[in-house]
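Both of the next two complexes hold chain A, though its partner changes from chain B to chain C.
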Partner chain A sequence: MGYSVHGPKARTGGQGQGLLPKESLYLIEICKGLFITMRHLVRNVFHMGDMPTLQYPDEKPDYGPWLRGRHRLMKREDGSPRCVACQMCSTICPADCISIMAMDDDRPDVEKSPETFDIDLLRCVYCGLCVEACPCDAIRMDTGIFEIAADNRAAFQVDMDFLLNNTTDGVKS
Partner chain B sequence: MAKMTIDGKEHEFEDGMNLFEACAVARGENLPHFCYHPGLSIAGVCRMCQVEVEGMPKLMIACNSQVKDGMVVHTRNERVDGAVRQILNFHLLHHPVDCPVCDQAGECSLQDFYMANGLYEADVDIEDKIAKGKVKPIGEMVMLDAERCVLCARCTRFTTEITQTHEMGIFNRGDHSEIDVAPGKTLDNNYSLNTVDICPVGALTSRDFRFRRRVWWLSETDGICHGCATGCNMSIHHSEGIVYRTKPRDNMDVNRYWMCDHGRTLYHEIAESDRLTQPSVRKARGELAQTASWDHAYRSIEAAGKALGGDDAALMIILSPHATVEELYAAKSVLSDSVGGALLGYRLRGSEIGEGDELLFDADRTPNAAGAKKLGLAEYDAKQLEAAANEKTMLLVVGGDLALAAPDAGAALSKFGCVVYLGWQENSTSMLADIVLPTSHYAEREGTFVNREGRAQTFAAAIDAPGEARDPLRVIRELGALFGHEPTWDGIEAVRSELCAREGAFAAMAQGVGPLGLALDAAAESEVERA
Partner chain C sequence: MPDITELLWALGKIGFMLAVILGTLPVMIWAERKGAAYIQDRSGPNRASIGGVFRLGGLIHPLADVFKLVFKEEIVPAGVNVFFYHLAPIIMMTVALSTFAVIPFGDVLLLGTREIPLLVANLNVGILYILAISSLTVYGTVLAGWSSNNKFAFLGGLRASAQMISYEINMGLAVLALILVYGSVRLNDMVVAQGDLLWGFIPAWGVVLQPVGFVLFLVALFAETNRNPFDLPEGESELVAGYHLEYSSLKFALFFMAEYCNMIVGAAVVSTLYFGGWQVPWLTTEGLRENAGTLLTVSLSVGTLLNLLFATGLWRKFQGERGTLGDRRELESGILAVVFLGLALATGGYLLVGKPWDIGPAASAHFATVMQIGQFITKTLLFSWVFIWVRWTLPRFRYDQLMRLGWQYMLPLALLNFVVTAAFVLFTHG
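And now, the complex of A and B:
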């Protein structure tokens, strides 16, 4: 009755119990495994082209347009950032990697614009929520750039200038 | 008493009570509204608080009705909800819905209501909406966006009824109606930012706070304004150790719903460059002060005491009505009573006294003069200071600026053997002092002020002190230890309980002060009556 609160009872006897002597040698199973390995080796040697392995970095993968790569900021026609510094992206960001400082804009049709727009790429988890939250399509992750590596931390702190000039170079045509 | 039914439940209210307030009590939340404000007259223009009263052919606005015996009210049924939805649609008709760039987003009634009612799609194309003035500074502190206005007339009622300065009005007719300042006027009275608080939408925004921080990132801590003797209750809005704004906290006995612009903008001083963040010591008069560690500063005080004549050296303490009750008591009991320093009290003259008004702003610009008086501290005058100044005396100035109170204090200060200053801001006293001990700002420490009406009000620490600045209570404790009289208390709670036990005027504080403060005199009287 009831459940044991101490977990399953200790097993009696060793692990190999119940096997025949020839079974406990595992000889047949080892041969089976070796055969599979050899089959793949032979097939790959004679059908090199069918191999799924990609010769990275000489060959680049094609992830398609849905890849969430490094962010970029969109520009208006006059070259200024499209961003209105509403900070929806930094609000939704689960990694807290976007920091924006807003300022009054003097232009008649623009009330608010970003003074700074920094992303900490080391903290970013590439979830894409910032892109979804943006009410004016100012931030995108369609650059196709996924090779984000550097030998110092400062290189991952990207600012507005960098993000505005980020191109879609990484996208395969 | 009026027995009535609201949403199927029996309630009893005082006769003549406003139906809006009664519904708020019965529902546990307010009815949807823009124009109703408990501190202003009834306008009844937004039509959002409509309720169904049985026996009435049409829906009624709750804010302009009174409770009546036998009334049966429905606040949540299909008819009421439909009416509110239609009215809300009407309010949204020409609204630009530019929430992303609007500073009110996050604390906007219109935004909350349209989200609650699911009115996400505009019925009118943005090109067809009536364009009105945007980004118009109508005063030193206030920015107007007429398109976002819902014409609730709260701001115009405020300038008519509360400040009686009549700067604002509603101009034009029909859907071209808009709020604005009267021609040739600007909204620059000392209470202008209250219009921003009461504006339910983003039509009036604070130029001081504009775009500095999104409101949903702000945390609130209860504070007491230290700008004058009124002691307005406020909440300090801060985030990540930075104070972004202060807003009034409702307290019917002190500031009601309002606060003056002077007090609201004082928070800027927290992050000003003239903050004292590190102790400094001046080797000799006339030399520049060098920053030092706390340890070095204390050792310098010790050395200065010895140089002044060891046991013959006298200690004199000047307190300030800018310090909290706890600090005044600690300084008085430890440094004066135990250590034996002469207490010169405090001084309230010169530019500490300005011009007040009848609404909130008091002529006395210090927050705790009444508390100092209740502690039995007396005001000194400039002659006393001059008479006391001599080479063998170490002067300890706890907070404030002597030069503010007496312009000629500088000359007297230089006659003292050694001047030690405790404060958070650089001023003429700290410039003259030989040793400066930096303390935390009011937003960075706990304490109690007693306002002009004798109401003790406590405030909490919102953020951390910058650099090496320390809580003044801790510094007083450490100074006591330095002079060989370490106090028995440690921490503000212990100081408070000792204060309540030893100072009769503060005995009533023993049971706690509460969020709205405690009128000390009235509490003492009722204590006597009970006894």
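And now, the complex of A and C:
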């Protein structure tokens, strides 16, 4: 539903200047304006679904896969975190919100793995640099979760368990 | 010496008027918010609900507003003049409600041998009472602005006083021309006169006899009620909130309600003076009483059809919404569909069983009265809607533009209208 807007004619000066005689009578123009608003009202009453408003909590906007939502940590096939605790993400993070504690890993093909992986969601600026920096695609921001709210600060300090089980379908599991 | 039954009737009429105004108030607030939303391509308030089921398209929001305002903290700032600060909202509300006393809302009601005029006070000054009382509104505004001890509120009160004085003159002149035409200041006489027909087919409404006067009166009324093109006393982009800036909680609610009361009263006055008041177009009271059977049958059939239409529409909505919201709100349209179906069955059943085309003379008289009251309320609601419609269409005037319009354009026009009307009345009736 595109609305055509007529560009205003260039007019100069103050009261009544540059107005056509029939415009300076006001009443006709007022009636025209009233019909424009009434047209919008009637159209919206009879075509309620065409209104651009989104009934937000019931209808969610679809931002597409490029939205940087709440982070998640990827898993290996055996379920352990893919992260190798290289500290690249926490180094590049401009908000300094990622803190990783590394530990030796006994597995032959894994040198290090994170003991803890905490993100302070209150400090995160959702820039996505951690995702870019990660050498092994262990952290992603593709969950689509953008409603990050809680009533206490502790709820925003998310740990590795939480991040590993952060699913893409928008439901925390 | 008025006996006790007359006193009771007067009280009943006052109660009826109060019920009409105060019952219309939430509907007006709803219409304002919802109408504004639809005009601006939004969907407007639709969240507040009763029991999680009934949202009624946002009609619950005014109720929620009332609860919010009642339970808000009432703050009285330190520097106010306490007496006038508390008096101002009382004046606003009292004035807004008492204007309604002289507006007739129906022809004489016949109960046996008793004749009851359907207006609260049949004053012989009629329209002058309305002009006098509605001028008192400015005291509320000015006192609120001054006693708040706040420069924005004070500016709002100042603007209100200048604006009201300027536009009251135009309003008075428009009404004077109308008094010349009808030869009476009693509102009921005016309404009775508007039941005639011009050349046999046009209702002799004030707007037909006094088109210029109607425009002048309407514009002046907008200024008097501080509604949008003239809402400079509360222009929130310049004066924060204008004269009621320092008011909170229920005192603010009183100002808010008084604004809408003034609107409803203004709409009632316009429809009484210029649109025939309680007169049903082309049907006099006698005509209504004679044809009551036919009219009742027709209106019942139309009512049945409309109810059936609503019921089917709501049922379709219920079917379409099922499973989309995921909670009890989905039930609403279904329940309402059943309610409308019940109404359709009630009206349809009465149509078939009650023989509405064959009602007695007493019932005919009552039917005529009900039709007239309905007509009056319909006209009033339509004009109240005009207030809202104009508000969401026009931008606010600048203050010098407001004064120029009032004094330089409207005052000469009003004087001209008055002189021409006077000359016409003199040559045709004198």
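Following the convention adopted for this analysis, the second predicted complex is superposed on the first by the 126 of 173 C-alpha atoms of A that agree within 3 Å, B and C clash if a C-alpha of one lies under 4 Å from a C-alpha of the other, contacts with A are read in each partner's own complex, and residues count from 1 in each chain.
Going forward, a residue touches a chain if its C-beta (ideal position, glycine included) is under 8 Å from a C-beta of that chain, and two chains touch if they have at least 3 such contacts.
Remember, it's a predicted structure, so these values are computed and weren't measured experimentally.
Shared-chain residue A:T91: touches chain B; no touch with chain C. Of the two partners chain B and chain C, more chain A residues are in touch with C.
Contact with neither chain B nor chain C is seen for A:P21 once the two complexes are overlaid on the shared chain. In the superposed model, A:G79 makes contact with neither chain B nor chain C. Contacts of A:G49 after superposition on the shared chain: neither chain B nor chain C is touched.
Contacts of A:L34 after superposition: chain C is touched, whereas chain B is not reached. Applying the stated contact rule after C-alpha superposition, one finds that A:G64 touches neither chain B nor chain C.
Contacts of A:K112 after superposition on the shared chain: chain B is touched, whereas chain C is not.
No residue of chain A contacts both chain B in one complex and chain C in the other.
On chain A, the positions that touch chain B within their shared complex are 84-88, 91, 102-104, 111-112, 135-136.
Remark: chain A residues 15, 27, 30, 33-34, 36-38, 40-41, 44-45, 48, 51-53, 55, 58 touch chain C in the complex.
Across the complex, chain B meets chain A through its residues 98-101, 105, 134-135, 210-212, 214, 216-217. Chain C makes touch with chain A in their complex at residues 35, 38-43, 46, 215, 324-326, 389-390, 392-394, 400-401, 404.
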